[in-house]
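In the two assemblies presented below, chain A is common to both, partnered first by chain B and then by chain C.
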Partner chain A sequence: MIRCPSCGCEQSEKIVCEQCTGPLPVDLDLFAALGLERRLSLEPAELERIYHEISRRIHPDRFANSPQEVREASLKSTALVTRAYRTLRDPVSRGLYWLELHGTKLAEDNKQVPSELAALVFEVQEQLAELRDTEEPSSRQSLLETIAQSREAAQREMDQAREQLVANFAKWDQKSASQAELLAELKALLSRIAYLRTLLRDIDREIEPSVPR
Partner chain B sequence: MSRIFGIDLGTTNSLIAVMEEGKPRIIPDPQTGALLLPSVVALGPNGTLAVGQRAVELEQEFSQSEASAGSDENKVVVIRSVKRYMGLGGDELAPEERRRYSFAELSGPVVKFRVGERVYTPPQISADILRALKSRAEAALGEKVERVVITVPAYFNDAQRQATKDAGRLAGLEVVRLLNEPTAASLAYGLGEMASGKVAVYDLGGGTFDISILSIKEGIFEVLATNGDTHLGGDDMDQALAEFITEGLPESLAHDRRFWPLIRAAAESCKRRLSAEMVSKVELELDGTRIERVVSREEFERRIKPLVDRTIERCSMALKDAGVAPGEIDAVVLVGGATRVPLVQRAVEELFGRKPLCSLDPDLVVAMGAAVQAGVLMGKRDDVLLLDVVPLSLGIEAMGGVMERLIHRNTTIPTSVKERFTTAVDNQTFVDIHVLQGERELARDCRSLARFKLGPIPPQPAGVPRIEVTFMIDANGILNVTARDERTGLEHSVEVKPSYGLTEEEIERMLEEAIDYGEQDIEERLRIVARTEAEQILNAFAKQLNEFPDLIEPEERSQAEAVAQKLRAALDEGADRETIKRLTDELNELTTPFAHRIMDRAIKQALEHKSVDEISS
Partner chain C sequence: MAYSSKVIDHYKNPRNMGSFPKDEPNVGTGIVGAPECGDVMKLQLKINDDGVIEDARFKTFGCGSAIASSSYVTELVKGKRIEEALAIKNSVIVQELNLPPVKIHCSVLAEDAIKAAIADWQKRKGIKPAEKKEEAA
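Let's turn to the complex of A and B:
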């Protein structure tokens, strides 16, 4: 139970007060923060609608003239809702959060190259190493073109993996597989995506070395 | 509760606005009707002399005079573009910025302008501008101005935001919200012309550049990404043009602090003319040297192209972060005086492939948006809500000097993240956390924000204490840190040492000082400047007569003594500033040859004590 700082009523933990719709200083999981059931497949437009609707009610801009306690509740609950929206909006971060909710995560040493990517990764690393050792402009240029093609290939893999992730969400939500199996499958797919992300980042670092200050 | 006012605290000009009958209205100066208050502050040895137009006039009056060239004690210093110095440490000043003014303690966490024996920090000078706006609005409306929204560049970091808040506090204002300038502009436009869609706001002001990409939907203004450069604006175009104008001139003219106001003003007006004309002529006289330059728009554009290119690069980065292609933008808004430059307009149009909107005056639109947001905060507009972002990533220094990102740039604010800390050695009683802001991989390449000290922690084996630290970025984009002992659930005290900016004690002291000098009349203060100057020259003259009676001609001596006597009498009678100033100048002129002779002798004597080797080396 939690006490509402705006109207003083006692109620169960939610993001907004049932009585006065004011913000409650709660610590909820990210699905509960947005008033959602725990499901992997979420409709982006619907998620945005919910996020906007809650923000309209609890954002600190609405409580500039309220007592300190209410302003603090507004700040805390808005930060939570914002984090919930950001995390759940993106399928990959949603999947990672799902693992976290179920007491697991991607291994720290996510270094093992997934076998289906091994050939691509090997090729890219070799091309990047060659680029570092090449100074002659025209050879650099042709190398850069080759790397750009590899980048496209990696990006295609990434797009496919993400599509598969979203497709699997629906399947997993129907609980056709056991929880343990589901988590293993989800983990494998997310680890592949994480690997591709690192690969793409490595390519980008080599080909556009200027990082914003 | 009193009304909330909107303030645009600009690099070049500042404005104050308020909502009236559901519409934002800029409050003009009740005497002159001017909407813009030049962000210019004149300082003398005894405090602030003038703000705004009067300070601009004093800048011209004193630019080549003894008061700015002479000894430190009687200086009048006119400060422009103080916003560029907000939140900076002394060691972060660019070389051309160092040349502009005299600074104290260039190694400290805050820039300090030296004026005579006093020093002023940028928040104090900004506070003068805020006070001038406050009294303008109070005089015009006959009501107290106590609570305000102040706009800041979206790309301002934590220290720059904190410095702006400090300025508000020093001016006796409650800063209810810091609002990002491009977001403010989108509010001013959004209520009318753009009901929904994706909007790019390109804001090139006097000293800062911002690009923000927003999505507007049913009154929700959601910033998707922002980027910018807090040291890029119209000032830099003036600087580029000034370099062209002074090309080939000796260092003594081109880089002398006294001539900068003249060169800058000439460059600025030339830049303005070149927005309408293809060729413009600059005429200047520096210390008797006449300078004439013809500047074509083509030449001007060549000089500023690197600056404009930098803004376009930043636009591309913002679009990339927002995940929006240039062609998906439904409207482009131009904000800031520097967007009047044709090259800027062409570059923006080319990038986004559409004509930018500029139906609202680019100098006024930010203040109007600030007033709209003030209305929202007063609860007058519950159909409108801003969801802004933090412009720079925030993290902590991890093992090996690596920046560990906790909050990524372009995260919607308010936002928070929790991290668990523990001890590394047995019986450790404090844990230090170094918080950083920036996009680079290594801690040393990011900007240090603050050092937080957690503790005291009861002595325990290493790794046993569990302290949960919450990093919260509030709706102003400012970081707040709290800590909690996980086992006891009790709040832990956190000692904060900001890397840049003022400490609480310094602000308290400045608040006390501000009361001492705040209410003095400007004319009175100018008179004090003149009196101090007069007294100094009288003392110096008496001392020199005493020490070097052989170096002055009898004729010279009788003339100078007569003027000195008149000046002393004028001081005793409490004569007006003009009289004192005239006699001081006269005495100064009469005694200059005498002073030169004393100097020559001093140099000669100094040389006689040195060997030939030393002199030539």
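Let's turn to the complex of A and C:
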């Protein structure tokens, strides 16, 4: 139970008071902060609508002349709601947060990445190393072309993995798979995405001199 | 975080760095990766028909600890039988190189690389007799 700093009523933990719609200084998980059930599949447009609606109600500008306790509640709940929206709108960060909510992290008892993905990363890292050691302009040019093709391949893998993640969300939400199975599958897919993201970043750092190393 | 002197030694003077030709029949190649840091490690083992590891090469893209772990592993497995090599635990690597807790995953990666390289060699060797049998029948 929590006491509303605006109207003083006691009520269950929510982001806004049911009596006066004022902000409540709560510590909720990111799904609860937006009044959502814990589900992996979320409709982006719906999420945005909910976020804007709640933000409007608790925005600090509305409480500029309110007592300090209310202003603080407004700041705290606004920060929480913003963090919830930013975390949950992206399927990957939502998946990572889901792991965290269920008491595990990506790096923990993580299975090996599939060998074909490791082989792709190795191949591209060799190309990048060769580029670093190559001075001659025409050789550099042909290497850069090879690397651009590798980047496309890695990006395709990434797009597929992200699509698969979103497609699996609905399946996982139906709880046809056991919780342990779900977390293992989610982790495997998020590892794949994390590895590809690092690879794409390494490629971009090497081929775009403007990006600081 | 400071690297131990042994890590720095392997990093500055890597042992057995490089590659064997991929299609050499006695060579097993294992490529393993760590998604959380982006590291990737290739370990190649040259294994004779008696199942003894005659030579090893590695190439690793990653942090100093990952390079040192794979470099050390090439020294460790040389002359060992594959059963002995498969029994190597990452804790041996952690101890030898004084790896801190945050770098233990590098030693796990090196252990996985041994297993992957041997599995690849076994696959190459295992397929051939099977084909011969089919031809004979």
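Here is the rule we go by: the second predicted complex is superposed on the first by the 204 of 213 C-alpha atoms of A that agree within 3 Å, B and C clash if a C-alpha of one lies under 4 Å from a C-alpha of the other, contacts with A are read in each partner's own complex, and residues count from 1 in each chain.
By definition in this document, a residue touches a chain if its C-beta (ideal position, glycine included) is under 8 Å from a C-beta of that chain, and two chains touch if they have at least 3 such contacts.
All values reported here derive from a predicted model rather than from experimental measurement.
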Touch check for A:D202: first (chain B), second (chain C), both, or neither? second
Identify the partner contact of A:R56: answer first if only chain B is touched, second if only chain C is, both if each is, neither if none is. first
Applying the document's definition of touch, where does A:A79 land relative to chain B and chain C: first, second, both, or neither? first
Could you look at A:E69 and tell me whether it touches chain B, chain C, both or neither (first, second, both, neither)? neither
Counting only touches as set out at the top, which of chain B and chain C does A:D159 meet: first, second, both, neither? neither
Per the contact definition in the header, classify A:A119: touching chain B only (first), chain C only (second), both, or neither. second
Residue numbers on chain A that touch chain B, as the complex places them: 52, 55-56, 59-62, 64-65, 75-76, 78-80, 82-83, 85-86, 211-213
If we count contacts the way the header does, which residues on chain C are in touch with chain A in the complex? 31-38, 40, 42, 59, 61, 105, 112, 116
The residues of chain A that touch chain C in their complex are 106-107, 110, 112-113, 115, 117-119, 121-122, 125-126, 129, 191-192, 194-195, 198-199, 202
Which positions of chain B touch chain A when the two form their complex? 1, 4, 176-177, 217-218, 220, 227, 314, 317, 373, 376-379, 382, 385-387, 411-417, 438-440, 472, 474-475
